[in-house]
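When the chains are written out, they are named A, B and C in that same order, and each has its own residue count from 1.
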Amino acid sequence: MNTPEPRSETPQRPRLALVKGEALTDLPRDLYIPPDALEVFLDTFEGPLDLLLYLIKRQNLDILDIPIARITDQYMEYVELMKEVRLELAGEYLVMAAMLAEIKSRLLLPRPAGESDDEEDPRAELVRRLQEYERYKQAAEDLDALPRMGRDLFHAVVQFPHRNTERPQPEVSLEEILHAFAEVLRRADMYSHHHVQREQLSVRERMSQVLAAVGADHFTPFTELFPCEEGRAGVVVTLLAILELLRSSLLEMVQNEPYGPLYVKSMEGIHD
Amino acid sequence: MTEAARTMDPSLSGEEIRNIVEAALLAAGQSLTIDRLLSLFADQPAPPDRQQIRAALARLEQEYRERGIELRETGSGFRLQVRKELAPWIGKLWEERPQRYSRALLETLAIIAYRQPVTRGEIEEIRGVAVSSNIMKTLLEREWIRVVGHRDLPGRPGLYATTRQFLDHFNLKSLNELPTLAELRDPDEISAELEQAGSAPGDKTGPDEQQPPAAGGGAVPGADSGRTLA
Amino acid sequence: MTEAARTMDPSLSGEEIRNIVEAALLAAGQSLTIDRLLSLFADQPAPPDRQQIRAALARLEQEYRERGIELRETGSGFRLQVRKELAPWIGKLWEERPQRYSRALLETLAIIAYRQPVTRGEIEEIRGVAVSSNIMKTLLEREWIRVVGHRDLPGRPGLYATTRQFLDHFNLKSLNELPTLAELRDPDEISAELEQAGSAPGDKTGPDEQQPPAAGGGAVPGADSGRTLA
């Protein structure tokens, strides 16, 4: 269960099952393995620590009880095989091989009396790294076993057909409009000709109001266009607006008889 | 993987079928047909029949009657959906911050406000560039402008003017209260500042930031003097 | 639009709050925080308080206990999700099999999750091999990890940590809920045992096979487990 192999069901490594059958059981004894299979076999290891853990586990050994000489020999045999098959062999495997060789040699050398206590056991660092790696290897398996969105769990969702799709309207300030207008005028180089006057604006506004008030399909009495509550100034503005509209051919004015009532009508009806 | 399935009785109870149907409708998030629901049980030793699926759906319909969601049959099957009555609350999940209008739109609006009644062609002439139909559509939809007539020209172009809603929105009694450029300040000063603004767009602190608002119209022309117009 | 709101009592009943919370969680299709749920009631004359929202969630949790879905709190808030036990049926709704992740990716992710913040170099040191850029890219793109700072070393390497989305995806409320990491044995003890085991290369029988796990090494989230390494 803890062997690095595995996952024969892993879809991205379809050849693993074959290797599991041949390589993982036979390889340790007579190191023969078909070159293709070796490559796949090596792919199942995540690196030198993983391979080392595998060698230890396979013999059912405690990490603290590594028979360094034997494990080192096995490891070296694998590395030799790798070198034959894969020239691009990762340097990490060779570094580990060197480390193992060093530990082995140090263990084999007789220790000079007196200094043994100060010196750390050469296997300690290797054991520390193996342990450290193994706990995260286990953690990765635990993580993989957690219930996961899209695999074991699914969001519960319902439709929301009555959703109001109206978006809030952007805010605009008056000064933004003024600045926009100033910019237009500046760009159009019309600045000097178009000083905007209050009077002009009120006439323009009244033009819009008159146009909106009169229809194209019927005549509106001229006098109805003058609201009395506005007084003299209002009358002047309205008159100016009507004259401007007549001048722009936007209004039509008729009088059926001399001194009779005046009627206005929007010009657009004529063409319909 | 099918631990639950393995340890389960060959035939499923009504609750189990209801739970699976419920979970399927919620996981799918869209309508499922009865056939589709049946297919979930295809490899079951004793799969439920159509009648049992219908019973599960009826049960769900009943159980959700007092809840926030409801079971509905649509053209493409059955689905669970938010109750209409809850739309005012649930809609808030998607409430967006309003975006900003483009400069082109503001300029178009400004020209209509100050030069009305005006045709689209005239707006384009003043701006020097075409006015996109989208801009006119947006302004019309917002009911800030409307067509008040047509100019007697080929194609009879519509004449645009601002509306009552436009005045209301900006809290104006009439267009007279729109700020004027003269009110803003001396034209030369504006030009000078426009140049400055163009060269230092990041500088937002104008000398008149603290200035009281100009009289009349309630607008605050030029309070935001550092704004880049270019 | 606010028809329901208008005809309703100023303060909402427990059922109404529960229904709105339920509908919101289901309509959103993602985790919602309590604050977000509260905001749905923002313009209510008598909005519920945080306590009432919590009560509604507790009620939902209770009511769904025997159903096909469950309420779960993960990193980004509360969500309603299909129960794990029903995955064998519900998974059939989709043609494609769920994605599997390589051991290299899972180991990298595990080291980041348990050791964060951690540099890529530190990950490589633990794994004994280089971490492929593809793996980091995948984890970043899935938004399971992000760079939270830089170590003050030459090259200023990025420090990686997991995100809320990581917690959401793995059904976790916080890093505390990660499975316990196996303990490391005390280094002194290791040395002592190595001493005992001796340097004879063939000696297989260690005295520590049955020994209980050592204490210590609690530098990791949730290192309180009894699990030991073989």
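Heads up, the rule we're going with is that a residue touches a chain if its C-beta (ideal position, glycine included) is under 8 Å from a C-beta of that chain, and two chains touch if they have at least 3 such contacts.
For clarity, every value in this text was computed on a predicted model and none was experimentally measured.
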Most remote chain, CA-based centroid, reference being chain C: B
Chain occupying the middle, per Cα centroid: A
Separation of mean Cα positions, chain B and chain A [Å, integer]: 23
Centre-of-Cα separation between chain C and chain B, whole angstrom: 35
Chain centre separation in whole Å, for chain C relative to chain A (CA means): 20
Set of chain B residues in contact with two or more other chains: 23, 26-27, 29, 69, 80, 82, 87, 90
Set of chain A residues in contact with two or more other chains: 154-158, 160, 164
Of all residues in chain C, those that touch chain B in their complex: 1-5, 15, 18-24, 26-29, 32, 36, 39-42, 66-69, 80, 82-83, 85-90, 92-93
Chain C partner contacts - residues on chain A that touch it in the complex: 2, 7, 10-12, 46-50, 57, 59, 61-65, 67-70, 90, 92, 96, 104, 107-108, 120-121, 123-124, 127-129, 131-158, 160, 164
Interfacial residue positions of chain A with respect to chain B in the complex: 154-164, 167-172, 174-188, 190-192, 195-198, 201-202, 204-205, 207-208, 211-212, 248-250, 266-268, 271
Contacting residues of chain B [partner chain A, same complex]: 23, 26-27, 29-30, 69, 79-82, 84, 87, 90-91, 94-101, 103, 106-107, 109-111, 113-117, 126-128, 142, 146, 148-152, 156, 159, 161-162, 170, 172, 174-176, 178-182, 184, 187, 190-191, 194, 217, 219-224, 227, 229-230
